[in-house]
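Scrolling down, you'll hit the structures one after another.
Both complexes below contain chain A, partnered by chain B and then by chain C.
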Partner chain A sequence: MQISSRLRLATLAAATTALMSTAALFGAQAQETYRIGYAISKTGPGAPGANTSTIPNYEMWAKEINDAGGLKVGDKMIPIEVVEYDDRSSSEEAVRAVERLINQDKVDFILSPWGTGLNLAVAPILDRAGYAHLAGTAVTDKAPQLAKRWTNSYWLLGTGEQYAVEMVKFLEQLKSDGKINDKVAMIAVADGFGIELSNAGRDALEERGFELVYDKTYPLGSQDLATIVNEIKSLGADTFVAFSYPPGTLGLTEQARVLQFNPKIFYAGVGTAFPLYKDRFGADAEGVVSLGGASETDPKIASYIERHVAFAGREPDRWASIVNWASLQSLQQAIERAGSTDREAVNAELAKGGFDTILGTYKPGDQNFWQVGQWQDGKFVGIAPTDMEGAHDLVFPKPDWKGAQ
Partner chain B sequence: MINCILKPDFIKPVFLGAVIFAALAFLPSLVDSYYMSLAISIVSFAVLATAWSMFSGPTRYISLATVVFFGIGAYTVAVLGEVLPFPVVLVCAALAGTMLALLVGFSTLRLAGVYFVIFTFGLTELVRQVVSWYEVNVTREMGRYIFLDITQNDIYWQLLTLFAVLLLTGFILGRSRLGFALRIIGEDETVARHCGINVTRVKVALFVLSAVFMTLTGAIMAPRWTYIDPVIAFNPMLSFQVVIMALLGGPRRLLGPLLGVIPLTLLFEVLTANFPNHFSIMLGVTFMVIVYLLPGGVIGLYEKYRTPQKASPSNGHSKTEEKTA
Partner chain C sequence: MLSYAVFSGITLGGMYALVAMGLTLQYGVSRIMNLAYGELVIVASFAAFVLMTSAGINPVIGLLIFIPASFALNWAIYRILLSPLVARAKNRGMLEVDSILATFGLLFIVQGILLVWFGGNYYSYDFMNGAVDVFGAAIAANRLVALGFALVFGLGFYLVLTRTRMGTALRAVAVDPQSARLVAIDVNFAACFAFALGGAMAAVGGVLVSMFLTFSTSMGVAFTMKALIVVIMGGVGNMLGALVAGLILGIAEALVATYIDPGLTIAVTYVIFLLVLLIKPSGLFGRTVS
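Take a look at the complex of A and B:
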């Protein structure tokens, strides 16, 4: 099932590339194109993430614009031409590929690679060459400093701290309502992301009078976390927080379900908002909390999800995909508003913001998306910040696991 | 020692080398930054593969620990880069590499054959986990940022200098008593022992020398990436690439690895640029073609044409073997 959909995607991607390159061959002399370049992890450890949050969005964006005749620049319609490379999840390859895009292919705009490490590796090169950098999949506590250092860079997912703090604020409310006790068990993946979030989470929890009854890390790539779950089960914490990565997220959920560990709040990390989570756990996804979220009742978001399913054969994730799509919409509008393909004019428009996107009025780098979300009736909805429009009420306490009894 | 340095067959190649390197130093003013990044790739792999061959060529120990030293160098820069001036950081990196190489050398170079290969591969994972453990539990920060004002051209010049020093070292070594001792060890360790050579000490000395160059390469390359974490710094792919390049070129001669590095780096580049979706398949096909057409490496090809009567029977033999297989 999974393989066939992947195959379909690969075939589709290959066909699109073939079509595009043929079109480029024939069209090269005939008309002007707007050249978009990107290097992305098609292979290596970054590939699953890139394939979920980034690649389908880039491909769908180019296709939608070209199907509509191209970008509307002044009174001309200019189609998009894509130049893509595989950085094989290596910093050095990403650096080289971006140098190639700038100097050899002389593309007009470069879309960001996947992951914090690779985005940071290419950021200085893009800055020096005067390219804007919409870093769509980097979470770093240095985001504000980076945006100052490289003026045309936008760190779309913000800092690790903001997700942890927003979640703790939400827990504080539950605690003062008397719904949960003050005991929290926290684990984190031993990787940049997990460490940043757990550092921020630890401080925020202790500041707000929570007691951390468990606070450990697990190695990257590890899936068998049964011993950790067993240990935590006996500690009497109402809240379980895991700043995990996809393999750990799936492993943890599975083992919590098997061991019947059902805290009132079950928070898991990256991967929870992926559609495959729902596919795997079905009704047991209900009530699981994580970072991200989507206002699926919003017609713009609903239409985006529908088009994504039609294009890629699967749903987008409910966090980075949505932010990435908003940034792509911003880019299109920036070019059209600038009325020219001149890089500096486009960069200036991007910096002005005020784009109409699936996140509402948006400027790349805005953090106006859901920081905490929850699976409710097969939808991953936003619950915090609670003052944001369309915030859902928390399903509380988390329902019992149904699957493995 | 002085005697052999003053001989014309020493002065001539060194002079020629100096002229070539001086010419290469002007490359940045001739080409754009894309070709510079390609040049950096070639020179860095040239240093790594030559340093690898310096130890592994004569001793025939296949080491998969290249990335361990490379990563240690990169981490030294990440830790000290903003505290100390860059040349001092490089010295620290070289010291760190030396210490680790001494430790590893004395504890493992008594291992032979496949045990050594497995050990060096395991060492990569060990060092990566130790660094991760330290970052998670002590510094509580996993990734490290390297904000240094070192341009691509600076990196190129540093690597070029390092490569020149490495070649000179290798050249002198090949003519020294140590180099002679190494060749004997490579031919037969027992004989070497009987000649009164302290086998372990010679091997460790060479291992350390080769490790220092690998560490310095990592240190010089690190500012290029802005951000490193253990997964980026200790990527085992690098060790394999270096071995493949050195073996393709021919690890038993000083310039042999270079003959593997240049075609393979260019090949990787062409494949990446033209077949982004089929890179791995194309790479596999290319390797098969290389193995079938050039079983002895590029140097082997050269030697085959130089002494045809000696090389052809072994070549014919391997062909029949393949057919039966």
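Take a look at the complex of A and C:
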């Protein structure tokens, strides 16, 4: 009894506070600002990812536009106003927050939450309310179908299959050149991302005559993967592929280094392209392969990275951040091209594409960015698709671990 | 393969035990079910990170500062936040409910402060990651250090609790605070002391795990959960129990990851936990309480 009466009181208090805070935001004002809303994981397990790939970009974008006087709509300059909620990394909370943004805050545009799961959760609601959805951090094999089902949704990072296949095509070339043997050891995090990429990777590898000598998943959140690395080390594979999430990616790299497991190709998952990885492993990051990549010689990308460092105090990651930024640039140009803040006019412009972004001429959803990258001399450069302009040669084989302090 | 699995399991278990020991003191002696425990572990991790990256001070040496600082902080938390709850609680159940609610709030305060200071990013630094050869198994030096601390503290506290006057007083308070008063034990002091000591242990755990784990402001809950499993499995308030339970879980996880499937490591933790609860509900080293 004690608990329930207390709990009831606490819930009531929380609900009242929540109500009061939304009431303050209630009531759309006259159009003197362009209201951008988003729910993002400021706390919970998604927070580190959101803080790396998404939040700094959203904040920097709004600040850059407002510093320049606002969005140029027709002959008026309209500043951006941001309404932000913490979805606590829960899809229920994200859905609630997005509904609030639509119904109570009546924002003009809603930016996407972080992660595949949360983006899938809010997609139907955004579609129903006629909002465009620039899903910036979702990787799903259903991306093409989803884009068809919800016409104003754009799945910026594409499918898991494309990353896996591009990587395997690259491996196939190395194998036919006689540089690596046909043995591959693969592990994946037991979560949407790892499962989709490993499924696609397994098929692509077996199709191209590779033998999977190790193929297992590990639980999300686990960082103690030494036993896995130790077992793989004894299997004689030249290629190690991990479709992992950040803490696991760092744990795996660390334990491979301790155990002196140094395959010719060391591919690690999300987190490798984070600046944290370079900070953590220094010279030992050299030669590690992963998803993403950045053409840092491109002045637009270089300027973006520089501004990001000045704004957020750290570098952006070399994968989702870049694509997200291109989508934000597209949004700005779509509003300015539409010459109006009318949602349908902006949506129509977004669908036309042809925006000038850090990824060149771009339409949200285009997959014209690096699928496979590698750390080379402290930069995470793009190596595949090999026919893309600015593709670097692979550093091969991966240099020896120099060792820890 | 087997020896490697066992040794890496022992280091993993040592880490679990280390993180759990403080909670077993706080919950067992002070009767405070501290839900903010994991956050205090993380605070120590961040403190070690800052000291290491900005001043270049070795985290193990940093413990000389962190242990007394955390002891003082937890002393203050007990005196200011928790002692009113203790004073008004009519029985153990009421204190547990109140302390759960209060420390639940504390969790959000600590997490909020960390978020403001450090943001939600991942943090990690490189310290003592060199390999050490242990009977043919290469184990990272920092994990061995953590294991060493776990063994020393586990056995040390066990001896202090069973062999000294102070330890006996603490155990008396753990068993029955009402009767302990009758034999002239200052129950309030003992409970406060145990809580602060538990907090100091949390800091030791946080500093040591920060040497090999990637951490973020939102990871505290994961530590609280794991520590809670170890504490309940080992028997609430029993340091040796926490040590043994931690090692059992660590070795079981490593063996399952090596010989069955790494995907089942979390499952095996809960299976063992369930089995212990079914066979010995008070924990491996726990006393049956009426």
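In this section, the second predicted complex is superposed on the first by the 372 of 405 C-alpha atoms of A that agree within 3 Å, B and C clash if a C-alpha of one lies under 4 Å from a C-alpha of the other, contacts with A are read in each partner's own complex, and residues count from 1 in each chain.
The working rule: a residue touches a chain if its C-beta (ideal position, glycine included) is under 8 Å from a C-beta of that chain, and two chains touch if they have at least 3 such contacts.
These figures come from a predicted structure and were not determined experimentally.
Judged by the touch definition given at the top, the superposed model places A:N181 against neither chain B nor chain C.
In the superposition on chain A, A:T217 makes contact with both chain B and chain C. When both complexes are overlaid on chain A, the residue A:K42 reaches chain B and chain C alike. Residue contacts after overlaying the shared chain place A:N103 against chain B, while chain C stays out of touching range. In the superposed three-chain model, the partner touching more residues of chain A is C, compared with the other of chain B and chain C.
After overlaying the two complexes on the shared chain, residue contacts for A:E93 are found with chain B alone; chain C is out of touch. In the superposition on chain A, A:G192 makes contact with chain B only, not with chain C. Shared interface residues of chain A, touching chain B in one complex and chain C in the other, are 42-43, 45, 190, 217, 219. Residue ranges on chain C touching chain A, taken from their complex, read 1, 4-5, 8-9, 12, 93-94, 97, 101, 111, 115, 119-131, 137-140, 212-214, 216-218, 222, 253-254, 257-258, 261-263, 265-266. Against chain A, in their complex, chain B makes its touches with residues 32-38, 41, 129, 132-133, 135-136, 140-143, 145, 147, 221, 224-229, 231-232, 235, 237, 269, 272-273, 276-277, 279-280.
Within the complex, the chain A residues that touch chain C are 2-3, 6, 10, 41-45, 47-48, 50-52, 55, 89, 187, 190, 216-219, 221-228, 230-231, 234, 246-247, 250-251, 254-255, 257-260, 271, 274, 276, 279-282, 314, 403-405.
Listing the residues of chain A that touch chain B in their complex gives 13-14, 17, 42-43, 45, 84-86, 88, 90-93, 95-97, 99-100, 102-104, 116-117, 120-121, 123-124, 140, 142, 149, 190-192, 194-196, 199, 217, 219-220.
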